[in-house]
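Here it is: the structure, laid out below.
Just so it is clear, A, B, C and D label the chains in written order, and each chain counts residues from 1 on its own.
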Amino acid sequence: MIEYYVQSASSFAGDIDNLFLVITLIIGFWFFLVFGIFVYLMVRYRRKDGVKAKYITGEKHSETKWTHYPHYAVVAFDVVIIAINILVWVDIKQTLPPRDNLVRVIGQQWSWSFIHAGPDGELDTPDDVATVNDLHLKVGETYHYELQSRDVLHNFAVPAFRLRQDAVPGRTISGWFKPTKTGTFDLQCAEMCGYGHGIMGAAVTVHSEESFNATMAQIQKGSYESHYQKRMGTKTDLPSKTSHIGKEDSFAALLASIF
Amino acid sequence: MSETHEHPNYVKIWYWLLVLLAISVAGPMLEVPALTLITAFGIAIIKSFLVAANYMHLKFEKKIIWLLLILALCLLGVFFFGTAPDIMMTEGDQWIDCIADKSCIEQRL
Amino acid sequence: MSQEAATVQTDIHEEHHEELNFLHKYILPTDHKIIAMQYIFTGMIMAIIGGYFAYAFRMQLAFPGELVPFYGLVGPGEYNMLVTNHGTIMIFWVAMPVLIAGFGNYIIPLMIGCDDMVFPRLNRLSYQIFLVSALVLILSFFVKGGGFGGAWTSYPPLSSAAEYSLTDWGSSLWVLAVALEFVSFLLGGINFITTTMNARAPGMKMMDIPIAVWFIVLAVILFMASVGPLIAGAVMLFMDQRIGTTFFLPSGGGDPLLWQHLFWFFGHPEVYVVLLPTLGIVADIITVFARKKLFGYRTVLYTAFATGGLSFVVWAHHQFIAGIDPRMANVFVVTTVLISIPLAEMMFSYIATLYGGSIEFKTPMLWALSFLAAFLIGGVTGIYLGASALDVYFHDSYFVLAHFHYTFFPITIIGMFAAITYWFPKMFGRMMNETLGKIHFWGTFIPFNCIFLPLFFLGLAGQHRRIYNYNHFPDLATQELQDIRVFATASLVVMLFFQLIFIYNFFVSMFKGEKAPNNPWKANSLEWSIPSPPPHGNFKTLPTVYRGPYEYSAPGRDLDYWPQNEPPEKS
Amino acid sequence: MSMRGPIATHRSATGIPTGRLGTWWLLASEIFIFGGLIACFILFKLNGTPGFEDASLTSVTAGAINTFVLLTSSLSVVLAHAAIEKGDREKSFKYIWYTIGFGLVFLIIKTYEYTGKIIHGHTITDNLFWSFYYTMTGLHALHVIGGMVIMALISFDIRKGYNFQRVELIGIYWHFVDLVWIFLFPLFYIANF
């Protein structure tokens, strides 16, 4: 279901989508069961003249079994959910698989800085490549990230990777992801960070091997036009565009005309 | 207001409290940290128990008040131990506290 | 309490309750009913402010960058201030005063059969502190820099330093208002608990207390037990802001995560603090209108205890990806998912109560049943968010937002309307108009679903919260998603429009409605045994209780209800 | 005993007088406020946050004298309660004012300590230890002042002959303030390792 809206571009995106599906099936079953009984009871036992309600205390075993047995089933389903969830969680957040590459992500009010480790795969060496609001990744490599913040809390969120992690000032938080699809994805700040929270986005570009190397070389020469700017540049007319959308929409137009 | 109960000897309790105070002040002079911990906090607990039981008449109070106070302390314990793994360490699973660790101060720019 | 003592006290009681002048009756009352009205009306005024804020920022989301009619331009700072204060107001200044303080004050003494709260002047003081806190909050919108915009969770360092939040006095006044509000409810809470523990009518055993009273008291106990650390935290945050300490600033050795723990240690039980009163009120209403005994009184009560207890050990599920130790998350997943066990059992009991009933769909019953339906959706979607791995995707997304609005909207708004329509005859001595009530019900419930169901899908699309304009995120600035936003906003406007009907119905019924009898709904609990509205001092002779509150359709009786204070026939 | 206020106040289904029950609930909520602060303090202390070694700069003597003063005031307020139970209004009045006196001594020593620290540059913003020190002892001092004011008000009621039960209530509150100090004393003064 998530995939319908957002493509899944990392190795663990599928796991999360599957977990979502499992939980949807379980709670969907319960929801429709309970809701069906609820509606049935409301219709079946509506007031009729001359029919007196039953007197049921709900304290006897013959009566309580109607709430207890489903309740045991709930426990069983809970165990399933917890078990699958913990498996996925341990894989995503609790363990760090061996890395192929490294990137440092620094949030600040209100932009993202990225320090790519460069060919040697180590940070704080001369071959590091720093960019702003533009993260470049190589497809199929396991990345570790070091997440930091310079001022307030931020959140490093890439929906296509199914990835979210808070950046906390004063701490370095590490984690991993492995892009599996080339393309450009949104990076959003998903933790309230003040006035400019609504503009604190960045672009994540997943390259093939050659394209990645070419881009890195371009950035180091300084001849690279920031992908983020390019992308946002085409969208600068967006505010007027969406307001245009609003006016075309007949219902919204009706609304607007009321006021 | 007054259920009739024997009063504890308030002055005697006070003497005990003063003795305990003297021990807790003298404790650190031995300069054994482990012992200081016991004389400082162990005695604070004994003192508070003495005051609560005798002066606050908890001795004669209904069980429900005990329950209330113990529950309060238990919940504080829950809070403490739930929070401790994040605040009390310089290094956790997948994170490093830059300030206490001092290792990544330069990186913090 | 012995019978003699009761009569002696009744004598004193009668000479004591003379007519009071206007000032003492309405401005400085000690009567719990007047204080309850004060709370409810203050809460409703704050609800209007909160709803107005919701209107303003929803319009901005639907038509970004355009002038919002009746508001003006919503810029990024303005937007943050609106969402922050919408959340704060709706939880602290609407849900709590109306449901706990307002209806708690009104029904606790009436339902347990005594003449007032045990500390009437403390009760008045707590309302006055509450009023001051509301005024301080409103003042904070107008100081230089504007109101606080750091989300209702007010995570530091954003909230603790003016250089980050850009709202110097706005954030301080916000913290001050919240802290005052906590103090007010602590004092009020002591009053509620002590009243229920000590001042019950003779004969009323623990298991004869109506569920509504039980749950309000449980809620207050949860509140008292959880809010202490946050009051300490609020003091620390205020000092960070104004004096320059560094409790939550890493530059001085503090830790921003500490605030999150302090906040959510309170914040999660707080959900149950506002949930329980509504669940209690709903239990009373469905038994009355289904003419049924509550299915498993004890089960319902014990599941509430279990939920309350568990709510203290789940707080970190709000922080799964906030930088806490990932190993701790596993513990909190287990406890969080466990909460579904008592709550599911409770829901089953509520639904089982309908079985074999004789359900009459009066307005209060419609509200109560719609609460169950809506809360069911809110409850099951909570399972997604309790699972830490899914939280990696859903944290701070519209899925979370839709989920908690599916819990908080039923709790606060639907619960409030259920309670108002149910006790209106008792409070004002007149009936509300049933037709208008039903129009208002459908005009609120359907748009409510139209607002929040689509937001689940926005959440699935990865739309994150607290963004004033999604045009800066290309993946989210698509026509498809924009249509959903417009639809939700349109539904909100429709819903707000229908509230005018309620306001009209409320005030017209208050003065011109049909006169209400003592017991219009044929209910059992003690408040229906006295005139509507109850006189000062409530009961002419204080009642004695002979049975539980839910003896409807008892076999062998002609009447299908059996008031708690009706003496058993001598056989 | 006078019968003022609503009947509800004079009922007692639990067997505990209403005023006392209310006081206990108040103290339970206070436990969370002070307990929360103490928990935060311990968390930072065990984390080895820089600045916490300053605990050695606080004066153990002043702290010990203050503990002594508060313990003694606890004794005098409990004696006031014992006196009023026997109906001795004058004696109770006297003991209440002794307690207020001890409270005043406590505050004077506290002021002296604060002044000394501030002169040496250890202000509230110096580091986290001092922030906690001033916040917690300050909050405690506010409770002491509040208790003294209430006690003064109660003492005159006592002399006029009503609201005797309030001596016990303010006593319980005062002991709680004492208890908090019993824990603050080792935290800030003794445990400097």
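One rule holds for everything that comes next: a contact is a pair of C-beta atoms (placed from the backbone, for glycine too) under 8 Å apart; a residue touches a chain by one contact, two chains touch by 3 or more.
In this text, all values refer to a predicted model and were calculated from it rather than measured experimentally.
*Asks:* Where are there more C-beta contacts: A-C or A-B?
*Replies:* Of the two interfaces, A-C and A-B, more C-beta pairs touch across A-C.
*Asks:* Using mean CA coordinates as chain centres, what's the chain A-chain C distance in Å?
*Replies:* Those two chain centres are 30 Å apart.
*Asks:* Chain A to chain B: how many Å between their CA centres?
*Replies:* It comes to 43 Å between the two C-alpha centres.
*Asks:* Taking the mean of the C-alpha atoms as each chain's centre, how many Å separate chain B from chain C?
*Replies:* Taking the average C-alpha coordinate of chain B and of chain C, the gap between them is 35 Å.
*Asks:* Taking each chain's centre as the mean position of its Cα atoms, how many Å separate chain B from chain D?
*Replies:* Distance between chain centres: 16 Å.
*Asks:* Would you please write down the residue numbers of chain A that are in contact with two or more other chains?
*Replies:* In chain A, residues 93-94, 168, 170-171, 173 touch at least two other chains, as defined above.
*Asks:* At which residue positions does chain D touch at least two other chains?
*Replies:* Residues 14, 16, 25, 28, 31-32, 35-36, 39, 43-44, 49-50.
*Asks:* What positions in chain C touch 2 or more of the other chains?
*Replies:* Residues 225-226, 229, 250-251, 253, 255, 257-258, 323, 326-327 of chain C each touch two or more of the other chains.
*Asks:* By the document's touch rule, what are all the touching chain pairs in this structure?
*Replies:* A-B, A-C, B-C, B-D, C-D
*Asks:* Once bound in the complex, which stretches of chain C touch chain D?
*Replies:* The contact residues of chain C facing chain D are 1, 9-10, 12-13, 16, 109, 114-120, 122, 186, 189-191, 193-195, 197-200, 204, 224-233, 235-236, 239, 243-247, 252-255, 258, 262, 537, 542.
*Asks:* Which stretch or stretches of chain C touch chain A in the complex?
*Replies:* 62-66, 69-70, 76-77, 79-80, 149-151, 153, 155-158, 164-166, 250-251, 255-257, 290-299, 321-323, 326-327, 329-330, 333-334, 337-338, 340-341, 344-345, 347-349, 351-361, 369, 372-373, 376-377, 380-381, 383-384, 387-393, 395-397, 457, 460-462, 464-469, 471-477, 479, 482-483, 486-487, 490, 493, 552-555, 560
*Asks:* For chain D, which residues count as touching chain B in their complex?
*Replies:* 1, 14-17, 19-20, 24-25, 27-28, 31-32, 35-36, 39, 42-44, 46-50, 60, 64, 67-68, 71-72, 74-75, 78-79, 82, 85, 164-165, 168, 171-172, 175-176, 178-179, 182-183, 185-186, 190-193
*Asks:* Chain B touches which residues of chain A in the complex?
*Replies:* 93-94, 96, 104, 106, 124, 148, 150, 168, 170-175
*Asks:* Spell out the residues on chain B that touch chain C in their complex, using ranges where they run on.
*Replies:* On the chain B side, the touching residues are 71-72, 75-76, 78-79, 82-83, 85-87, 92-95, 97-100.
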